[in-house]
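Chain nomenclature is as follows: A, B, C, D, E, F, G and H, assigned in order of appearance, with residue numbering initiated at 1 for each chain independently.
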Amino acid sequence: MNAQRTADLGFARLDLDRGTRTGTPEVVYAAGKTPAQTVACLAALLEGGSPLAWATRVDDATAAAVLGRWPDAVVDADARSAFVGELPAPVGTVLVLTAGTSDGPVAAEVAATLAASGVGCRRVDDVGVAGVHRVLAVAPDLAEADAVVVVAGMDGALPSVVAGLTDRLVVAVPTSVGYGAAFEGLAALLTMLTACAPGVLVVNIDNGFGAGVAAARIARSAQR
Amino acid sequence: MNAQRTADLGFARLDLDRGTRTGTPEVVYAAGKTPAQTVACLAALLEGGSPLAWATRVDDATAAAVLGRWPDAVVDADARSAFVGELPAPVGTVLVLTAGTSDGPVAAEVAATLAASGVGCRRVDDVGVAGVHRVLAVAPDLAEADAVVVVAGMDGALPSVVAGLTDRLVVAVPTSVGYGAAFEGLAALLTMLTACAPGVLVVNIDNGFGAGVAAARIARSAQR
Amino acid sequence: MNAQRTADLGFARLDLDRGTRTGTPEVVYAAGKTPAQTVACLAALLEGGSPLAWATRVDDATAAAVLGRWPDAVVDADARSAFVGELPAPVGTVLVLTAGTSDGPVAAEVAATLAASGVGCRRVDDVGVAGVHRVLAVAPDLAEADAVVVVAGMDGALPSVVAGLTDRLVVAVPTSVGYGAAFEGLAALLTMLTACAPGVLVVNIDNGFGAGVAAARIARSAQR
Amino acid sequence: MNAQRTADLGFARLDLDRGTRTGTPEVVYAAGKTPAQTVACLAALLEGGSPLAWATRVDDATAAAVLGRWPDAVVDADARSAFVGELPAPVGTVLVLTAGTSDGPVAAEVAATLAASGVGCRRVDDVGVAGVHRVLAVAPDLAEADAVVVVAGMDGALPSVVAGLTDRLVVAVPTSVGYGAAFEGLAALLTMLTACAPGVLVVNIDNGFGAGVAAARIARSAQR
Amino acid sequence: MNAQRTADLGFARLDLDRGTRTGTPEVVYAAGKTPAQTVACLAALLEGGSPLAWATRVDDATAAAVLGRWPDAVVDADARSAFVGELPAPVGTVLVLTAGTSDGPVAAEVAATLAASGVGCRRVDDVGVAGVHRVLAVAPDLAEADAVVVVAGMDGALPSVVAGLTDRLVVAVPTSVGYGAAFEGLAALLTMLTACAPGVLVVNIDNGFGAGVAAARIARSAQR
Amino acid sequence: MNAQRTADLGFARLDLDRGTRTGTPEVVYAAGKTPAQTVACLAALLEGGSPLAWATRVDDATAAAVLGRWPDAVVDADARSAFVGELPAPVGTVLVLTAGTSDGPVAAEVAATLAASGVGCRRVDDVGVAGVHRVLAVAPDLAEADAVVVVAGMDGALPSVVAGLTDRLVVAVPTSVGYGAAFEGLAALLTMLTACAPGVLVVNIDNGFGAGVAAARIARSAQR
Amino acid sequence: MNAQRTADLGFARLDLDRGTRTGTPEVVYAAGKTPAQTVACLAALLEGGSPLAWATRVDDATAAAVLGRWPDAVVDADARSAFVGELPAPVGTVLVLTAGTSDGPVAAEVAATLAASGVGCRRVDDVGVAGVHRVLAVAPDLAEADAVVVVAGMDGALPSVVAGLTDRLVVAVPTSVGYGAAFEGLAALLTMLTACAPGVLVVNIDNGFGAGVAAARIARSAQR
Amino acid sequence: MNAQRTADLGFARLDLDRGTRTGTPEVVYAAGKTPAQTVACLAALLEGGSPLAWATRVDDATAAAVLGRWPDAVVDADARSAFVGELPAPVGTVLVLTAGTSDGPVAAEVAATLAASGVGCRRVDDVGVAGVHRVLAVAPDLAEADAVVVVAGMDGALPSVVAGLTDRLVVAVPTSVGYGAAFEGLAALLTMLTACAPGVLVVNIDNGFGAGVAAARIARSAQR
């Protein structure tokens, strides 16, 4: 417990050594922060020694503020993420599958998170179980991956099928895609939690960031 | 609206012409009735001219009472159903799939309902998507069926996969099999309602009777 | 499992043989897609050999993009659906009932889906059970239909009454019409799932497309 | 606010003048009380001047304790209610309808409550909407009633139909009859709250007592 | 069942004799209808012989359309209701209480409904239980009313207190006033359904119309 | 952070200094523990220097095991609590109110917790708001208390009324008393969370222990 | 019960003596009121003798109206609160912790409430448990506070940790910060209600006002 | 897709090559199966070539049946699991933490699953966050583990704290320990899904089996 430096900005108290302790630095959750607050947090993290500072749930105003301060920052609009500093060289591979095109933005957040975490990513989109041959077709990709992230809304059935085809860990991300009884992602969440195949682990609805961090840990651990 | 004879037992008011109007006679829901009430209802339906009288959700005491009154009644313990009178000769075929062995009692109710409705039934059990080749293996059965009933608890993912493989209507029955976030069948129910493949229609949790009646209508219509 | 051609657009992986396998081609779910993505999907489906390509949940921008690309496309604004190609000649008849005028857009989606599926449609609107004689008045229409679709919000009570009057299968569509304890369609959904009359099958809230596909299968099967 | 005598039993603080203030004396809710506590409450109410003391949700042990103390007490086993003292002579008429036989115990509680409140009762059981002619057949009874109580589980659709046929107030009682998506009466409760016909007022699930008290007030008011 | 004339507008099928059957004419629910549809419905009801035609959930555009067609229509903006024709002379009195000022619009809908139903109304606003002496102060008003409507959001506790003070029926209207665990009126709804005092009947959240219709029936019945 | 001694029993890791840090020693939650485990925990706490060791949610078998080991232990059957060691002398006073007799066991747990915490307790039972004069009658008790605990099931309306009568903090305990829409205490919980009077703080359903600990802290703080 | 003056504004009935009875004057809940109504309420409270009148949930239009009437009013934009009159001198100290920066607006409402209640406040922001050393670092602040308010969204885990470190009462405020399974604050609310450490009391989601009032009562009681 | 042998028992269709495909053989879910069915499944799996056959959710009758057939089977009563055949030699280490003693049975299922999967396990029980020093004390164990499983009921706060201390993946298992607002594990489930620290992945409530399988995959991957 000696990696515990803190940067006190008044409205925020940044955990400068989180990267040292957990392998992932503190990442700024921009929702509910003003653009100026997000910029200040990123700056403090960089000053605290982090080679890469990074924010999620970035809206247009915040993206503009970040680019205003750091013109060479990378803003990934699909992923709603902003990065300041150097992206690490990737090791290993995580396979990211989506059940449908509408799940794309969440998969983009997974991919951006993997990039920032120094892990390689291969995406295959729109392999929903209504055409299950599309799922079977990714078997070779499964065999080459260190971990699999499956992003699906509506019925959220894809992880159950995938987990029966591979010995890789499946990180399942329910999305809020759908309407009515999809209940903003609740249906997919429950499906994934009750998947009839073991080896499926679940994150919060639309939480591409969390899935990316987790998959990166698995991949790095496998590559060690 | 002239098929509307009623048998008034005081505690019950039986709809004697429901078979004429809807193709399925009034069926006695034994839950919440005393054994004597169920027996009285069955007797009144037979007296009203129904060749077959029939009760669902039959417990042991009610089964005994039925057999006491009609020694040649048929009690299907798995299906918790009792039948008095002649079963019609079957026409057509409905394919009944279960995702797991534990879904068996609900599938038994589907099968018993089909038999009472004069429709043939083929059951294939335990074809869960965790071993998706088991699903693909039923493709020939799908092609020969007039309709498909899919019974599944836990993640309820099986109907989504099946519906992508066939042009038959898929009647999906969520079951209360599972624990925790299965929430007594709610997870499977939501999955089926949000199935990514069209052609899936849903009945209440554990409602093998309703699924059987519906599938029988489709099969009879196709055989007409 | 040999009908499995796929068109890979990167962001989408279209299931070109779904029509062959299931009787309904892959239909583009435009919600969550950009107009350009929807147009590209429609184009790929047409190139894949589908005589009719079709999108649901189409907003104004997407409708404009579709019409820009295919000036003779048909956009049904009520149904929020767009069609490119030839509509098949209709066979059979599905009766579509609504409980109230506000359920109209969902019924429009049912009707559009039936048209695209080559099945005839007869609509009778606003036959809510508060004036139950209006329901009784449709008895002749019920007798002539191959299947019935009942669209209802608020209490969702209409399918229970209709199913007691007919031997046709009743496809029930709960809508999000209502407020307060209607809970965006949940009340109607639960009512329909627990309908006291068998022969009622349920689709997702506001899912006119799914109801249309299912009813079309029944009608075509009956007409075979 | 001068009708406020209280009998303090330590574990209970009986509101002796509630009958004077509200027309209904304090009634003992026996669930969660020991038999001895219920007996003591009834005794205190009688001593406080109430001509009739009364308990609901009475189990067998409590019924025995009441009969042990007052051998001429009336215990209505169906209604799970016990009465000590004189039942008032009935005025007016409340029509009590059930959708199915299994709703009988709740209707029995309504009837017992009406009797204790000095209001006449006419019961017609099992008039579910799946055979809607049974509902139409009660039209003459509706016209003669001062108020209508409708007791229904499962889809809870009966009050919507009844309220469209009468100018009497409809007191709707959802019951816990049903399974799966009936969710212990929640489905019926939501249906009744969202009834498409006005003139429907709702009480708690299985609350025959509350419905009886309310209907009695309306009947007495109409007979005044 | 001979009061069953219907006006068929295609998109609507108006129940012209509902007033004769139920005491309240069909009232147009304007939500989900276009202004033109609402106007057409009102016109058809007037042509059908109703002396007063009436719409609820009227937005600005619909109000303007109504006034455009009938310049002497009455639009009650608070109540979001529009009336065309003659308001009946009031008989009897209903007391309408609100727990807080923010419940005002729902109480306005109750009051407008009472006026259209020919029943007198007395409103006392903001008598929440946090200052319970304000509730006690309305005791004289309770004694003079034919029925009481209590409108409350947040904790919805007011009906429980009022029902213990009066022998009048209490119609409880939960409102969506509040935030967080008020869950858009769910908290108040559950409170009212479980009120510890009998004599409380409940309508849907924010359903001032339903409460008004019900209270009018009670008042008219008491005045007969 | 130097008060952190731990007793490691393998299956449990007791926090021996919690009393020093928080004013309340670790208390053994007996639900889900075997009687032997609970006894072992109590013994370890006493050995760790606690003058009083204490368990909640104690069933009969555990009570017997505790008395077997420590014949002079105090078992409060109503409160389902067991105490070994010396009870401290009480300071201050907490007023504990219940809305109904059935809430008694939870109030008993509050009282037992206060006794174990060295704080005086005055209980007044059955002061439900349906007879609001009973609430007004406790005003003198409110003025003399250091804090108030209000225990209520069903509608949970009592804390809202009490909090408007006093400047004492009101600790509200929802109970699972009730049925139907009481949803095992959920209705009361939501009512209390949305109480229209400030000064109400809420604990978990049936959590008499938590309410007692909190009230004791307030009372001790006021007496300091 | 003699402190019960009321100011009747028609749409509002202000409880002028609530400050005398409860220590906190009636505070105007501006949500659902027009700016003019809020101004009128504040004016009436000042005329009724309150030295400070105060409104919560104030939007921009209401803030402008208040400043238009009382140019020296204090509007706290973060806290969405407006104050007219003299703020009392502070006594005691309440420690206000937030788990994250996004919880700031709710903490601002706590702080403003404390100021208006005459109690001192120390805020420490962003001490989430993901960097638990930040929590341990506030131990000295805990020891000096009269009470602690913990404001947290997402997992709402902070109060459980804090309550294990202090003998101060912990007032827990769940916030609606988060997405997906945070369900607008429900996740944090449930976490806090089931906190494994006693001494945690909970208010409604985002209810900084209620937390501030409660904490002020504790602090004033401790300082007496 | 060539590892797809199936053993057809009629009531079950065992996936004999699941171990080859996914690293974990098909495991028999004994809930909902008769003892004879479970025994038959285990026998078929052994005959299919699996060196170890294994069942979860085993009750006493099933355990007896298994031991009757295979006297040297291992039945782990805490874990409700039965094993027939050889347990593999363990590699690597998974750290299994529980928040409380009552979470023990679920942790036992994790441990049994790890043993059957050939992975080492270290358990530390009762490290709840109410005594956070107990959590900090496991830091050395975290550093030595390949993965961490955290089992917690009630508030489910432990994974959030642990994930901030380690770079290991945290598999979080909510349990049904608790009462009231714990809602059978829902509170803990939501807490874990919204954990403020990334690196937390979640399984179903009480799903020790799923957590064990997932942790075993991570450990084996890290040891490769």
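The rule is simple: contacts are C-beta pairs under 8 Å (C-beta built on N, C-alpha and C of every residue); 3 or more make two chains touch, one makes a residue touch a chain.
Nothing here was measured: the structure is a model prediction, and the numbers come from that model.
Novice: Provide the labels of all chains in contact with chain C and in contact with chain F.
Specialist: Where chain C and chain F share a partner, that partner set is D, E.
Novice: Counting only C-alpha atoms to place each centre, which chain is farthest from chain C?
Specialist: Chain F.
Novice: More C-beta pairs touching across which pair, A-C or B-C?
Specialist: B-C
Novice: Return the chain whose centre of C-alpha atoms lies at maximal distance from the corresponding centre of chain H.
Specialist: Centre of mass proxy via C-alpha means gives E as farthest from chain H.
Novice: Among D-E, F-H or A-B, find the interface that matches G-H: by residue number, over half of the contact pairs should be common to both.
Specialist: Interface equivalent to G-H, from the options D-E, F-H or A-B: A-B.
Novice: Quick one: chain C and chain H, Cα centre-to-centre, how many Å?
Specialist: 43
Novice: On a C-alpha centroid basis, what's the spacing between chain F and chain G, in Å?
Specialist: A distance of 26 Å separates the two centres.
Novice: State, to the nearest whole Å, the distance from the C-alpha centre of chain E to the C-alpha centre of chain H.
Specialist: Inter-chain centre distance comes to 56 Å.
Novice: Any chance you could list the residues of chain E touching two or more other chains?
Specialist: 1, 15, 18, 100, 130-131, 136, 163-165, 180-182, 189, 193-194, 197, 204-205
Novice: Taking all chains into account, which pairs touch?
Specialist: Touch list across chains, by label: A-B, A-C, A-G, A-H, B-C, B-D, B-H, C-D, C-E, D-E, D-F, E-F, E-G, F-G, F-H, G-H.
Novice: List the residues on chain B that touch chain C in their complex, please.
Specialist: 1, 15, 18, 21-24, 27, 136, 139, 146, 163-169, 171, 189, 193-194, 197-205, 209-210, 213-214, 217-218, 221-222, 224
Novice: If we count contacts the way the header does, which residues on chain C are in touch with chain E in the complex?
Specialist: 100-104, 124-127, 130-131, 133-134, 137, 177, 179-182
Novice: Touching chain D in the complex: which residues of chain B?
Specialist: Per the touch definition, chain B meets chain D at residues 1, 4, 6, 10-15, 18, 26, 29, 31-33, 37, 41, 174, 176, 184-185, 189, 204-207.
Novice: Please name which positions on chain E make contact with chain F in the complex.
Specialist: My answer: residues 99-100, 128-132, 135-136, 154-157, 160-161, 163-165, 178, 180-183, 186-197.
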